[in-house]
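This structure is in C-alpha cells; I'll ask about it shortly.
Naming follows writing order (A, B, C and D), and every chain is counted from residue 1.
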Amino acid sequence: MSPTDPPAIEVDRVSKWFGPTRALDDVSFAVAKGQSRALLGRNGAGKSTLVSLITGIARPDTGELRIVGEPLHGQDDRIGCVYQRSSLIPAFTAAENVLIKHYPRRRGGLIHWRELRERARGLLDEWTIGDLADEPVERLQPMHKKIVEICRALVSDPEVLILDEPTAGLDKSDTARLFALLERLRERGTTVLYISHHLEDVFRVCDSVTVLRDARHVLTAGIGDVTMAQLVEAIVGEQPPSAVTRPPRASEAPVVLSVRDVRVDDRVGPVDLELRAGECIGIAGLEGCGKATLARALVGLEPRSGEVVVDGREVEPGDVPEALRAGIGYVPEDRHVDGMVSVLDVSENSTMALAPRIGRRPLGFLPRLSRRADLDRAYAELARQWRIVASSPRQLISELSGGNQQKCVMARAFATDPRLLVLVNPTAGVDVSAKASILASLSSALDRGAGVLVFSEDADDFALCDRILIMIRGSVVAVLDEEWTEADLVAAMQGEAA
Amino acid sequence: MIATPTTESPPRVLTRVRGVLKPSMLGQLAALPAIVIAVLVGSQLNRAFLTVDNIMTNVLAASAVLGVLTVAAALIIIAGHFDMSTQSVVAFAPVLSVWLVMPAAAGGSGVELDPVLGLLLIFVLGAVVGAINGFLVAGLKLNAFIVTLAMLILLQGMTLGIGGGETLSNLPEVFTYLGSARWLGIPAEVVVAVAVFVAAGLFMRYTVTGRQIYAIGGNPDAARASGIRVERITFWLFVASGVLAALAGLLMTARIASVTASQGNNILFTVFAAAVIGGIDLRGGRGRIVGVATGVLLLALVQNILLVSQIPSFWVNAIYGAIILLALMTGALAQGSWLTRFRRSPHAPQPAPDRSGDDR
Amino acid sequence: GCGGPADAGGADDGRKRVAYSSTSISDQYRVTFVRLLNEAAAARNFEMLPLTDANNDPAKQITDVTTLLGQGVDGIFIVVLDSKAIKPALDRAEAAGVPVVAVDQGPTAGKVAITVRGDSVLEGRQGCEALGEAMGGKGKVLELQGDLAGAIGVQRSKGFNDCMAEEYPDITVVSRPTQWAQEKATTATQTVLSTDPDVNGIFLASDSAMLPGVIEVLSRLGRLVPAGQEGHVPIVSIDGSPFGLEQVRAGYVDAVMAARLGDYATLSAEYLERAMNGETFDLGPTDHNSTIVQDGENIADILVATPVTKANVDDPTLWGNQAKG
Amino acid sequence: MIATPTTESPPRVLTRVRGVLKPSMLGQLAALPAIVIAVLVGSQLNRAFLTVDNIMTNVLAASAVLGVLTVAAALIIIAGHFDMSTQSVVAFAPVLSVWLVMPAAAGGSGVELDPVLGLLLIFVLGAVVGAINGFLVAGLKLNAFIVTLAMLILLQGMTLGIGGGETLSNLPEVFTYLGSARWLGIPAEVVVAVAVFVAAGLFMRYTVTGRQIYAIGGNPDAARASGIRVERITFWLFVASGVLAALAGLLMTARIASVTASQGNNILFTVFAAAVIGGIDLRGGRGRIVGVATGVLLLALVQNILLVSQIPSFWVNAIYGAIILLALMTGALAQGSWLTRFRRSPHAPQPAPDRSGDDR
C-alpha cells in the first residue's frame, strides 16, 4: 500500500452528545487500508456510538468521518457491520436476513426466492447452519442469530468490516471459524474494525489497537508495541483490579439446591445435581446443548418434570414468582429478549425484583406501595456497587451501553440477596474491570453462603467454580473438578474427552 | 474509584436545567398548550363559556363517562393490550340489570329484582365480561384486540336482543341518582370521574402492581422472567376494565335517566383519541394517567366550544377533526423543541412524540 | 336556575332567540327539515342559533340542550333522539322556563309544550296496507328494517308486522335489519332476492336511507319492472325523499308514506312562538287536517303521513318536491 | 468438523414433518377451519347458499369493498402503523367528486365536471388524503393512529359539509359501471377486489419494497440500519392506502348506485377484524395478504349466512359476535395443537396466536 493512499477509515475530531451524556469527545484516529484495528474501551466508552457514526445511522455533532478519503454521507455500501445489538428482522428467515440488502431478482425485477434460499444456505453452510436458512430468526439461538448477522455483513464483500463484540454469544468453534475468516479477509485487503472485551482475541486477530476512555481517544498503537498489561491500564485508566481467587470450601455446608430427575420435554434431562451453600457450579456446553433451557426450567420459565428443592423448599414447576421467592436470583441468557424492559428507566429495571420487598403496605390492606424515593435509593446503592454508568436514575435502560445494561440485569438478580443464583452468560459484553468486579460480587455472595450456578461457554466465567458439569444434548455427560485447563473444557464440551 | 462521566460539569448543568423545566412533564401533558388555547378561544367566542356552570355541567359532567372509559382503556393499553368491549358494556350491563329490575308492565322482564341488587349487578356484569376477556387473553393467549372486538359485537347484539330495542325509563332512583346529585355543589358525576382518575393515577404511579403493569406492557417476557405474574395481572386488569366500563354505563344511565341499547355507541374512537392525545403509547408500557386527564379535558372543551360557537353545524365535525390535528401538531412542536434536543437516541433517530416523554 | 346568565339571551332588538337540537344531519330528510325550519323561523323573525347535532348520541343531545340553555335561548325546537332518555334535558329546560317544541319525534318522559309529529307505528301500518294491496294479499315480502336500537326503526317495523299478521295472513314477512345503512340494505336485498325466489314485495323503513341501492339491485337482477307490467315487484316505503317520489313517478315504487315535513316546520314554529308568549294548547281537531291528542304526559299534534302514489306525486307541498334536487 | 446440535435427529425429523404439514401455512390461514365450518353450516341452513350465484354475488361481490379496505389496512399495519382515515375516504372522495360532476338541479355543485375527470378525481382525492397522512406520520413523526383518526373525523365532517347530508343518485354511468358490469361472467367488483389482493400479495412477497415494508414494521431501527428508506416508504404506503380507500369508495358508490355522506360508516371495525382474523399482527411486521383474504372471506360468509338464515333480527348481531369469538378460538386451538408442539420458541413461551404464524 503506498503511503499516499487515503486511510480506509478516518475519524476527525468527532464529538457526539446524548443529552447530558458525552459519548465521544474530540476523537481522532485513522485506520489504514487493509489493517485490522481493535477498538477497545470500558463499557460506555463510546465504541458502539462510534460504530453508529461510521455506518451512517447517526451523525456526529461536530467533526467529520471519511471513508477512503471521501466524507461520509449517510449509509455507505462499502461498509459492512455486525452491530452489538441485534439488527435482524425477527419475522424474516435467516436466508432473507442474510440477503436483505441484496435480494436476488428475476428478470422482471421480482425476488427470486429459490436463489435467495440457495445463496444464503451456501453462506450459512460455511458456519454449518445451512439448514436453518428457512427458519425465522426470532426462533434461532442467540449464537445462530449472530452468525446470520456476520453472514449478512459479509455478503457484499465490504471494503470495511466493523465487528462490535462479534464473539459475544459465539461458542469456541464458531469463534475459531470467525478468526479464520478474519485471517482470509485480511489477506484480501479488507479493513477491519474489531471491538471486543477479550484482549487475548485482540492479540490474535488485530494488528493495531485504538483505546477510548471516558469518550476520549487515549491510545493508538501497533499490536506489537503494547503488552496486555499496558492495554488493560490504558482501557481502565488505573491499575487493573487483581484477579479474584477463592478459598476451597468445606463440604458440610447445607444444601441450597437439589435437582432430581428434571426433564424439559425431550430437550433436557434427566438432570440431577446438588449445590451446597458457598458452592459454585459451572454448567458448560456448546450453544444449543440445553443449558439455558435447564436454567429457565429451574426458575419456572419452562415447563418441567422432576423435583427442584431450593433451601429445603420444593418449588412448583412453571411458577416464576414462587421460584424467585424461594430465593433464586436469575440472569437470563439474552438481556434484550427477557432481561430488560427497554421503555423503563435504569432505576426501575434494576429494582424490579426488589420493589415488592421494599414496598410497604399502608393500613395493611391497601396495595403495596412502590415509592420512587425508595427505589432510587436502592438503585443508587446498586449502581455504586455494580458501577452502572447512567446519566440519571431516570435514563431509559435502552440508552445505556451494552455492558451497563448487563450490569443492571446482574444487579437486579443479586439485589434480593438470593440463596441461589442462576446466571446465564453473566459477563456478556462487560469490560475487563467490570468482569473482575462481577467475579468479586460473586465471590462475596458465595462467602455469604449463597449457591451459584453459572451457565456459560466462556471459560473466564468459571473462574470461581468448584466443578463444572458438561452438558451435551440436554444431559450432563461429564464433570470437571479441581484443576482444569481451557483446553480440557473445550474438549469436554465437544464430547471428545470425559 | 473512577470518576464516572455523569459527574462532569456540562452534563450536570443540563441535568439541572432539565430538572427545572421538566420537559418530561411537558411531554406527558402534551395536551396542555392546546387546552390553554382552547380556553382562550372559547372565552372569546361566547361569554357563557367561562362560567362555572358551563365548565362544571357541560364540560366536566358531560365528559365523566368518557373519562372513566378512557382510564379503563389507558390501563389496558399500558399493559400492552386493547379492550374494545368497554363500549358495549356501557349499554349491556345497565340494560340487562334494569330489565331485571323493572316490572313487566314498564318493559322489564318481570323478575323485579331489588333495585339495589340491580345496581350491584351492573358491576358484577362488568366484572364478568372483563373476566371472560381476561381469560381469553391471559389464559388462552388470544389476541386482545380481536377478542374484545368480537365481545363488543356480541354484547351489542345481546343488548339489542334483551331489550328488544326499547328504551326503559322511570328508573328507580338508585340508577339515576348520580346524574342529578350534587356533592358539595359539584355534580356527583364529576366527583366520581375525578375519583377514578385520582385512584388510577395513584395506583399506576405509586403501587408495586401499577409499576409492574408498565413492565408487562414494555416487555412481557422480561416481566415474567423477573417474577411478575403477567397472566394474573393481565386477567385482573381486564376485570378492572370491565368494572370501570360498568361504572361508565351507570353514569351514562344516570345522565340520560333511562337505558337504551344504543347508549355508548361510537364512543370508542373518542376514548382512543383521548388516550393517545393524553400521551398513552399504543404499543404499551408508556403514558401517565394525568396525561389521559388532559386528553379527555381537551376533547371535552373542544366539543363544548363547538357547541357554544356559531360554526355552521355541517362543518362542526370537520372543524373538530381539524382542531385535533392542530393539537397534535402543536403538541409535537412543543415536545420537539424541548425533547429532541435533550434526548434523541441514535437507534431511534425519529423523535416519535409518543415515545419521547419520560413516562409515568 | 341553571339557565346561565339571563342577560346572555334575548337579543337587543327584541327578536326571540331560538335554537334547534337535531339528532343528526347526515341524511336528506333531516337536511331538508333544517332548511324548512330555518325558513319558518325566519318568517316569524326568530333569531336562530346554529343547530346542534347530537350525532345519534342520546347523551350528547342532553349536553346539547343544557349548553343551549346556558346560552340563554328563549325557546327550543328539538327532534328527540331517544323519547325517554331526553328527560333530564327537558327537566332543565322546564326549570329554566324555556319552552320546548318537539318535532318529528317527541318525548315520552319530560315536559314539552307540544310535539308535532307523525306516527311511526301508523306509518308502518299504512305501508303494510299499501303493500298488502299491491301484492294482492299473498306472497312473501322483504322488510328492510331501520336501526332496531332506536324507536323509529322499532315502531315502523312493529306497525308493519302487526298489520301484516292481522290483515294479510297469507303474506310471509322476511325481516332484515339495516341500521339505516344504504350498503346493508343493498346487500340484504341482493342476497334475499337472489336466494329466495318467492320474495315478491319489498317494504323499506326509509327510502331516503335505502332506496337507491334497492332500485339498483332490482335493475341488476332484471326485476325492475314498472307497476302494471308482468314481473313488477311491489315496493312501499316510508319518508318520501325526492328519489322516492321520482321512483313513484317512474312506477317502480307503488306508494310512499310521506312525512309532512313542511307542516312540521311551519307548525312547530307557530307553536313555539305561541308557547313563548305563554299560550297553551287544547286537545281536539285542528284547522290543518290533524288532531291534537294526549301523548303521555304531553300533548301531540299528530300529522298523519301522506300516502303518495302516482296520483298525487307532484303535489308541491310534499317535502320531497321541496328539497333541492 | 463438529456436528452442530441442530443436525441431530429429533429436530431434523421435526423439520421434515413440518415441511410436509406446513403448519406455517395453517398458521397463516387460521381462518380456514372456520371457513369450512361456515360453508357446511350455511349449506345446511339454506339450499340457495351453495350456489355459484350466491357465492359470487352475495358473498364475494358484497365484500369487495371490505376486501379492498382490508388490504389497505393490512399494508399499513404490516408497516407498523394504522390508517383509520380510509373509512372516511370511502365517503369523502366519491361525494366530493360526484358533487362536482352533478348539475345543481340534481343536488350537485353546478360545476358539472366531466364524469371521467370526476372518476379520476376520486383517486386523486384518495392520494391527496394519503399524502397528508403520510407527511404527518413519516415527516412530522406524529402518531399514525391518532393522526388518521383526526383525519377521519375531519373528512367525515367535510363530507357532511360539502354534500349537506344529501344523497345523490342517478349518477353518470362511469360511477355505477363497476356495480353492475360482469367480466367473463364474473361481477366486475369481484374481479377488481381479487386483482387488488393478487397485486398486493405479489407486491408484498416478490418485490424488494414489499419486503422492506415487512422489515420496517418488524424492526424499524434494524430496517434503517440496513439502509431502508423508512420515511419514504411509509409516506408512499399511506398514499397507496388512500388510493385503495378511494377505490373502495368507488366500488361502494357503484354498488349502491348513489353517494351519501354516511357510506362506509362503521366499516372500520370489520376491516380490522378481517385483518386480524386473517393473521395480520397489529404490532407490525407479520402477516400475509393471502391470510387477509381468508379473513375477509370468513366474515363475508358469516354475514351471508346470517342473511339467508331465519335468525330473528334482534339477535343477528349477537350471533355474529359469538361466531367471531368461536372462529378465533377454533383458530387458536387449531394452531395450538400444531404449532405449540412443533415450533415453540424457547424465548416466547406463550403461543400467542398472532405471533406464531410464519409471516411474509
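What we mean here is this: a residue touches a chain if its C-beta (ideal position, glycine included) is under 8 Å from a C-beta of that chain, and two chains touch if they have at least 3 such contacts.
According to UniProt, the chain labels map to these proteins: A = Monosaccharide ABC transporter ATP-binding protein, CUT2 family; B, D = Monosaccharide ABC transporter membrane protein, CUT2 family.
Not measured: the values here are computed from a predicted model.
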Which chain maximises the distance between its CA centroid and that of chain D?
-> A
Selected interface, C-D versus A-B, where C-beta contact pairs are more numerous = A-B
Whole-Å separation of chain centres (CA-atom averages), chain B against chain D | 28
How big is the gap, in whole Å, between where the Cα atoms of chain A centre and where those of chain B centre?
-> 41
In whole angstrom, what separates the CA-based centres of chain B and chain C?
-> 35
Can you list the chain A residues in contact with two or more other chains?
-> 57, 301, 337-338
Chain D residues touching 2+ other chains are 160, 164-165, 221, 224, 314, 316, 347-349
Mark out which residues of chain C touch at least two other chains, giving numbers and ranges.
-> 25, 148
Of all residues in chain C, those that touch chain B in their complex | 2, 4-5, 8, 22, 25, 34, 49-53, 55-59, 62-64, 66-68, 70-72, 82-88, 108-109, 147-151, 153-154
Which of the residues in chain B come into contact with chain C in the complex?
-> 46-48, 51, 53-54, 57-58, 62, 65, 160, 164-170, 179-180, 252, 255-258, 260-263, 265-267, 303-304, 307-308, 310-314, 316-317
What part of chain D is in contact with chain B in the complex they form?
-> 82, 84, 136, 140-143, 145-147, 149-158, 160-161, 164-165, 220-221, 224, 231, 269, 272-273, 276-277, 282-283, 312, 314-322, 324-325, 328-329, 332, 347-354
Can you name the residues of chain A that touch chain D in the complex?
-> 55, 57, 75, 77, 81, 83, 86-92, 96, 100-101, 103, 105, 109-111, 113, 128-129, 131-132, 136, 138-139, 144, 152, 173, 266, 286-289, 292-293, 296, 301-302, 334, 337-338, 473, 494
Taking the complex as given, what residues does chain B use to touch chain A?
-> 2-6, 8, 10-12, 14-15, 18, 24, 203, 206-212, 214-215, 217-219, 221-229, 281, 285-286, 342-347, 349, 355, 358-359
